[in-house]
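For reference, the structures are reproduced in the following blocks.
Both of the next two complexes hold chain A, though its partner changes from chain B to chain C.
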Partner chain A sequence: MNVINNSRRNFIKTAGALAIGGTLPISLVELAFADSSQNFSFAYISDAHIQHIKDNRFVRNWDRGLIRAVAETNLLLPKPDFVMFGGDLAQLGSKAELDHGAQILSALHGDVRYVMGEHDYYLDLGEYWEKLFGPQYYSFDHKGVHFVVLNSIRTYDDWTFKRWPTAEQRMLEMAGLDNPNSSPFMVGEEQRLWLEKDLDKVDKNTPVVVFSHSPLQKIYKGWNFWTEDADQIQALLKPFKKVSVIYGHVHQIQYNQIGNISFNSVMATAWPWPYPQSYAQAEQYLPKLTVPMNRADPFFERDATGWQFINIANGNADLNFTLSDNTGRIVRYNDKQKRPEDTLYQDEQTRIIPQTHY
Partner chain B sequence: MSTYQKIAMTLYLAFAATSALADEFTEADVQRWQQQFMSVVSEGRELWTSPKLGTNGVACAQCHPNAANTHPETYPKFQKQLGKVVPLWQMINWCLKNPLEGQPLAADDPKMTALQAYVTYERRGVKLEPGKH
Partner chain C sequence: MRYTLLLTLILTALFTYREASTAASTKPAAANPQSVPDKNNLLGLPPLPIPANNPQTPAKIALGDKLFHDKRFSIDGTVSCSKCHDDKQAFTDGLPVSTGHHGLTGTRNAPTVLNAAFNASQFWDGREPDLEGQAKQPLINPVEHGLTNHKQVLEIVRTDPDYLATFQTVFDVSAKKLTIDHVAKAIASFERTLITGNAPFDRYYFNGQSDAMTAAQIRGFELFAGQGRCVSCHSIEQDHALFTDGRFHNIGIGITQVRQDIPRLAHAFLEAKNKGGQVDTMVLTDKKSSELGRFAVTDELSQIGAFKTPTLRNIELTAPYMHDGSLLTLKEVMVHYNNGGVNKAGDPVNDFLSGGIRPLNLTDAQLDDLVAFMKALTSSKYASPITAQAAN
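Right, the complex of A and B next:
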């Protein structure tokens, strides 16, 4: 009895919740695990793209997405152990944008940890971001899980240091998702060496969770749904029994299983992106396992955006998507199939028309 | 022949002598027309990625990389919140007014032509399915 109660991860329905967006789901997850002391949850907010217009003006639409995610996250009960921010807090990496974003995030209750996104990085290569949020890559341990945060959006030195006459232009070139002048993301040798050393100390039975901004798998190079040295990172993670990679950048639901590694993307608070398959001129490799999110309805400003809370259940990550203006989704690790699966729509027969992208 | 008939005959001969017949365009003509089209497509791409099209710095490409998820092959179609069947340019204007917080363009504004040329070009090869959702 107590086991069940302790392991519930529910929203509390409060006046505050009602004021924000109508009725929030009351029982997103009701799970009973054999050993509930091993289970905990954290919240994940990502891709806010706070965009400076001029003076004290910022793009209202993106501001609202982040403000809403922060307010809803603060309503989680039981409280998440910590909050992750998954990168792209800013649109063009300026101090004004990072400061404004940091101020909105400062309303979060509890510890917040940060991942670097390319929109935060390519103006000053993360210098100001580090002052606000700390190191660009690091690891920490929490309740028996080893967490690793990588800066996965670096690229070739030649592109970063020699190609562009100004830092502003470098930032603009990388900010355009479909810009042919941009360059593939990578973790790079410095961090790969660090990661190898960091993981050396960790028992192979310890669950490992890696946070990166870009997918540590190769989906579509044209939009940098891609990390150039993904294979090398996957090789470093291979000896571990349970590994989860959680990434932002793609502004859509994606999930996959490669060997021992579960991959899950998180939603953006700013705006949704099309699935690469809807670009008719592109070859892409969206994981077959992924049941897409609904096609966005532009008439609902926040549709196809959201945030998520993540249960670590016996070392696996279960993603609970809170989708503004849409029904929530749960992608949970299936112990028998040994892969993440949507709890409602995984079966072909149960899918709905808006999940068709073309 | 009357004077009029003489003039008419002279004009006819003059045109027949100086201009090709309607269907006799050359490879060079085709190339020139294609260049004209592609220059409008690239103007469209410029506008699509420009922070100046609206008033808040937001560009079309921010939500629609390579103009994906615009589905020009499905227009005209019913847009439920507009409550009627609209051609693509009206939906583009909806985006200009809302996410871009800008002014709509006239249907025959060269910028609107360029935007539609770009969007359609990125969707080349996809079969027409007007009305599809």
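Right, the complex of A and C next:
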């Protein structure tokens, strides 16, 4: 069923992540690394939604999700080259939430880089976040891959600056789903101009990986599974041979291929969102993007949450999902089909049937 | 709303069972002076799964019984299966962790054999799928029976004319072709007779006998299914209850004490396993490695510190509790859960704690009610040998 050569691609064992003893002897791990200096892995934690109650009290469930992801990430063997945090560290962007989240993340071994989420942003427009984590958008190169980090959750200036009497209300309006007062996310002209210049310096054969919080594709506007200027960003990425966009925000596994661009979402450590289909309860016209995962068992607060490590193999991103109280999943780039695919559940016959919601 | 649903389910279950039990009561029940009016020792249990390749026969069960109690299958002639699974102590040993040959101790609490036949996997970490597989490991574990290999077991059997004759009758094999699997099958067949339901709870819940449980036990049952969240792992089905989901959870026992050391332990364990180390030897001889739990078997990060949900049937008889026997009383167990996975309220929990474990905010009186309910799970007696539908 799996057409990919495991020993070459899968240099950290997938389901267990740490499991060098399981199916892959240590020597093979080392060989796989020796095989190509372009292959490496990094970990990706996202959407922790640390929520302040009052005084020194924070929502335990969200704390524990992030703590667990950090602890598991620290066990990865071989060690990941770096760790990404994919945005929405806070729930309502407060200093208390960002500080508390930063403190939990400080237990991570190695370099951590950050992506801005709307829950981090709309209270002070990223001012405190920048003090803790650095610039809101930037790029870096690692082992032959060009990485770009965008703040994709900005919106129209009129909405941001003129609409709301207080920063707190602005934050709350953007935090809601299906909220008619909300506004679509966008990267915006400032960053698009920067991106154009940044990419100009990069050879078109260099693999490019873009991290954003919202999907740089249009999926579902009501929940801002959406970036208003996604088409313009995609156009800027079009000249490159291999492009991967990795985004958070959706709290579920999604993958898609548009032209040369592979799209992958990452899981949240806080809670799962239902798939928009199962939520809408009416006919709609969503693109068929994903193999739905079995829904969460609400007793296990960590079920349908998780984190992932990502192998960059020959310039393509393979996502290995570690899902607490659930079975891990792997979404890997299929060389033949030229698109990312769930390695286990792609075949209709092997899928786990989603639970019915009444 | 949820509570209403639960009540509806209970009522439905009671009603359904009344009809079923009428039919069941026409079957002859084993004689026992202590048995309660309905005389159904299997009340509350599902059909017993019997592997197709190891059918129950009276001769095989008797052979398994003898093997189970034979001390000769150990390096110093003192350890039989029944040393740690003592018939007189509800097939446990009453110790925090078991003692093997020459007084050596392991790292885990002997689970009861009662109703082990229903387990989805065996051992606290589920490293064997069935009773047959389980029976083979302790014989050659260095801190249990201490034999070097299974050949030593077979030598004893082959040189004992009684055993030899019985094995030939039961399995139709010559001395030469006798293997450890025959020994394991006989022991497993015996263990499949050690099944027992018909606790006060079963009579209350499945037979609709409202006075079968005390008021405290009934309150405890409501907490068990409600605020205590116990039933989510210690499952109760519509027509039977094994009080286990067969899954593995990190509930903060043992792992909390080694939580600073987990990265080193996990990496060292995998390396040792990769070099050919046996899981059962490694986890039973090293207390710290033992705390890695199910991870030691599957290598999965999500299973660090996770152990199998045990049945709660006859729990009153099987103290001390938890995989390491670290909690002496049922009240201590309730306090641990009420604290959200730590012995002392406010202590830091381990990073890998299961998402099902959180502080429960139960009062001391409520914890007592839960303990009372645990005592409603003690069987009136052990069920007689039966044969049920064959499993695949």
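Everything below uses one rule, namely that the second predicted complex is superposed on the first by the 311 of 358 C-alpha atoms of A that agree within 3 Å, B and C clash if a C-alpha of one lies under 4 Å from a C-alpha of the other, contacts with A are read in each partner's own complex, and residues count from 1 in each chain.
The rule is short, and it goes like this: a residue touches a chain if its C-beta (ideal position, glycine included) is under 8 Å from a C-beta of that chain, and two chains touch if they have at least 3 such contacts.
Remember, it's a predicted structure, so these values are computed and weren't measured experimentally.
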item	value
Which superposed partner A:59 touches (first chain B, second chain C, both, neither)	first
Partner chain in contact with A:51 - chain B first, chain C second, else both or neither	first
Partner chain(s) touched by A:67 [first = chain B, second = chain C, both, neither]	second
Which of chain B and chain C A:299 touches, first, second, both or neither	both
Which superposed partner A:77 touches (first chain B, second chain C, both, neither)	second
Touched partner set for A:323, first chain B, second chain C, both or neither	second
Contacts of A:271 with chain B and chain C, given as first, second, both or neither	first
Chain A positions touched by chain B in one structure and by chain C in the second	60-61, 299, 301
Chain C residues touching chain A - in the complex, by the definition given at the top	229, 232, 262-263, 266-267, 270-271, 273-274, 298-302, 304, 349, 351-356, 358-359
Chain A to chain B touching residues, read off their complex	51-53, 57, 59-61, 176-179, 222-223, 271-274, 276, 278-282, 295-296, 298-299, 301, 357-358
List of chain B residues in touch with chain A within their complex	49, 56-58, 61-66, 68-69, 71, 79-81, 94-95, 98-99, 122-126
Contact set on chain A toward chain C in their complex	13, 15-22, 25-26, 60-61, 64-65, 67-68, 70-72, 74-75, 77, 299-303, 305, 322-326, 328
